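The first chain written gets the first letter, and so on, giving A, B and C; residue counts start at 1 in each chain.
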Amino acid sequence: MDVFPLGLWLDLLGTFVFGISGALLAVRRELDVFGIAVLSVAAGLAGGMIRDALLGATPPTALADSRNLLTAIAAGACAFFGHRLLAKLNKPVMILDALGLGLFAVSGCGKALDFGLDPLPAILLGVLTAVGGGAVRDLLVVETPRVLREEIYAFAAMVGAVIVVIGAGLGFSETSTAVVGVVAVVAIRVVSALRGWRAPRAPR
Amino acid sequence: MDVFPLGLWLDLLGTFVFGISGALLAVRRELDVFGIAVLSVAAGLAGGMIRDALLGATPPTALADSRNLLTAIAAGACAFFGHRLLAKLNKPVMILDALGLGLFAVSGCGKALDFGLDPLPAILLGVLTAVGGGAVRDLLVVETPRVLREEIYAFAAMVGAVIVVIGAGLGFSETSTAVVGVVAVVAIRVVSALRGWRAPRAPR
Amino acid sequence: MDVFPLGLWLDLLGTFVFGISGALLAVRRELDVFGIAVLSVAAGLAGGMIRDALLGATPPTALADSRNLLTAIAAGACAFFGHRLLAKLNKPVMILDALGLGLFAVSGCGKALDFGLDPLPAILLGVLTAVGGGAVRDLLVVETPRVLREEIYAFAAMVGAVIVVIGAGLGFSETSTAVVGVVAVVAIRVVSALRGWRAPRAPR
């Protein structure tokens, strides 16, 4: 547990699943192998970098620990060779993206609380960490970020961050709170996407 | 004055007016209530976050003080329910945007001077703070940022920052310098927009 | 050498050549004089700002030393008056961009090593510094960044950063390593662009 504390696990898993999402987008855009690497690394590491730069936790874990970069590149390599298989698995890819969203929402909010932030800003930083990597990924290929295209996306991340805040307030163990938070994000995101739930719009 | 020092007032007011601009853009793009919240928060808080991350003033005030986030969300809520009214008020919305530009130019440049930056970089950071939130807002919906679409925009912010530098150099009170700076930005921006002033282009 | 240490030279030269690239893009988009200034400053300074914010080296050199801003503005002024001449020199402009890529890759990786980063993250930060300014420049006018449009671009920057890591490991002088690194980046980038080299794509 000393070598792989909870925050690192959350980050590495989140980096891997978002790294795959970045690489698949690059393959779909017919980018070359370096473009695939750029989008894997951007999608996998940008959210954590933004989180750490804002917390003043520099250098960010994405740069302080080589395992983060290796994970993002491994995700890119998996997608490079396995993209035909992954492309057939449309729903699993959506689930992977939901998993990354949950992992980073929990890691971002938890780290914000560790740095002494109040609950509301900690929730904001959790959401920002969760949606940041995907936003950089999509902006680099000049697409509207998924957070503004999908209906229940930032909200799902917010629920995960709120669970972390409540769990910390009630003194639950970090690991069990993290598991509940990630499961909640994935469940909300996947169910809402499969059922086509729509959020309310401004009254006309 | 201790609870609401000048910098906080400038930030909260700027966050509110930029938050409204983000929410109105989201409504126009027919985004749902969460998309409205995302663009309110991005437009209202991104400029100050960039400023504080570059100054090393971490966590940024946008995360250190919950009132900033609450203000951005309140702006989003106002726009959610009042967007039909606001849409009719075309000129007032442009004036609100000019007000946000002035408030953040003054707050960014003033904080830069407090952190010991030289005048020129302090002016740059003021302009960056002022145009940053709007740039993030526009890029998230894949639009050319207003700073590159409008004629007299970065220049107006620069005038406000220059006034802060001159006021600090002459030893004037921060509050009076801030008022003059904000008024100057709003006046230049509004008059130039209403009159359709154009800046020179590169010689052909 | 005290007043102009190696890192500053690399940054100032890189800022100048990227500043020209930003200004030429602004002229091509028929932006006004302030838009030209915005893109010169963004292209010239954003890469170094991202590097320093991630390293916790705040305020970034782009804000700590006025010469960086003056260099970016001087580049914008050169392009403002000389853009017809520069536009005729299509290949020289591509070479200037390659030079900026090399200068920032070397400066970013070297500074990362100075801050105690491991070799792999130091290489990542070198690449990020090199491609960051151009990415911000292109995103501001809603174009796919050059790093994803060109074939051998991030790879060239990576080679320069790898040379810095190897040179530091073998104890070579910083200056000679920097020269070899920059020359390698320029050579790879220019030859690959002139010959139309293509990188492999994912297997279909």
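Going forward, a residue touches a chain if its C-beta (ideal position, glycine included) is under 8 Å from a C-beta of that chain, and two chains touch if they have at least 3 such contacts.
Protein names from UniProt, one per chain: A, B, C = Glycine transporter domain-containing protein.
This structure is a prediction, so every number in the text was calculated from the model and none was measured.
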{"item": "Category of the chain touch graph - line, ring, star, complete, other", "value": "complete"}
{"item": "Interface composition of copies subunit A and subunit B: same or different, split at half", "value": "different"}
{"item": "Inter-copy rotation, subunit A to subunit C, in degrees (Cα atoms; steps of 5)", "value": "120"}
{"item": "Separation of mean Cα positions, subunit B and subunit A [Å, integer]", "value": "29"}
{"item": "Junction residues of subunit B - those touching two or more other chains", "value": "53, 56, 139, 142"}
{"item": "Complex contacts: residues of subunit B adjacent to subunit A", "value": "27, 29-39, 41, 49, 53, 56, 58-60, 62-66, 69-70, 79-81, 83-84, 139-142"}
{"item": "Subunit C - residues contacting subunit A, complex", "value": "53-56, 112, 115, 117-121, 124-125, 131, 135, 139, 142-145, 147-148, 151-155, 198-204"}
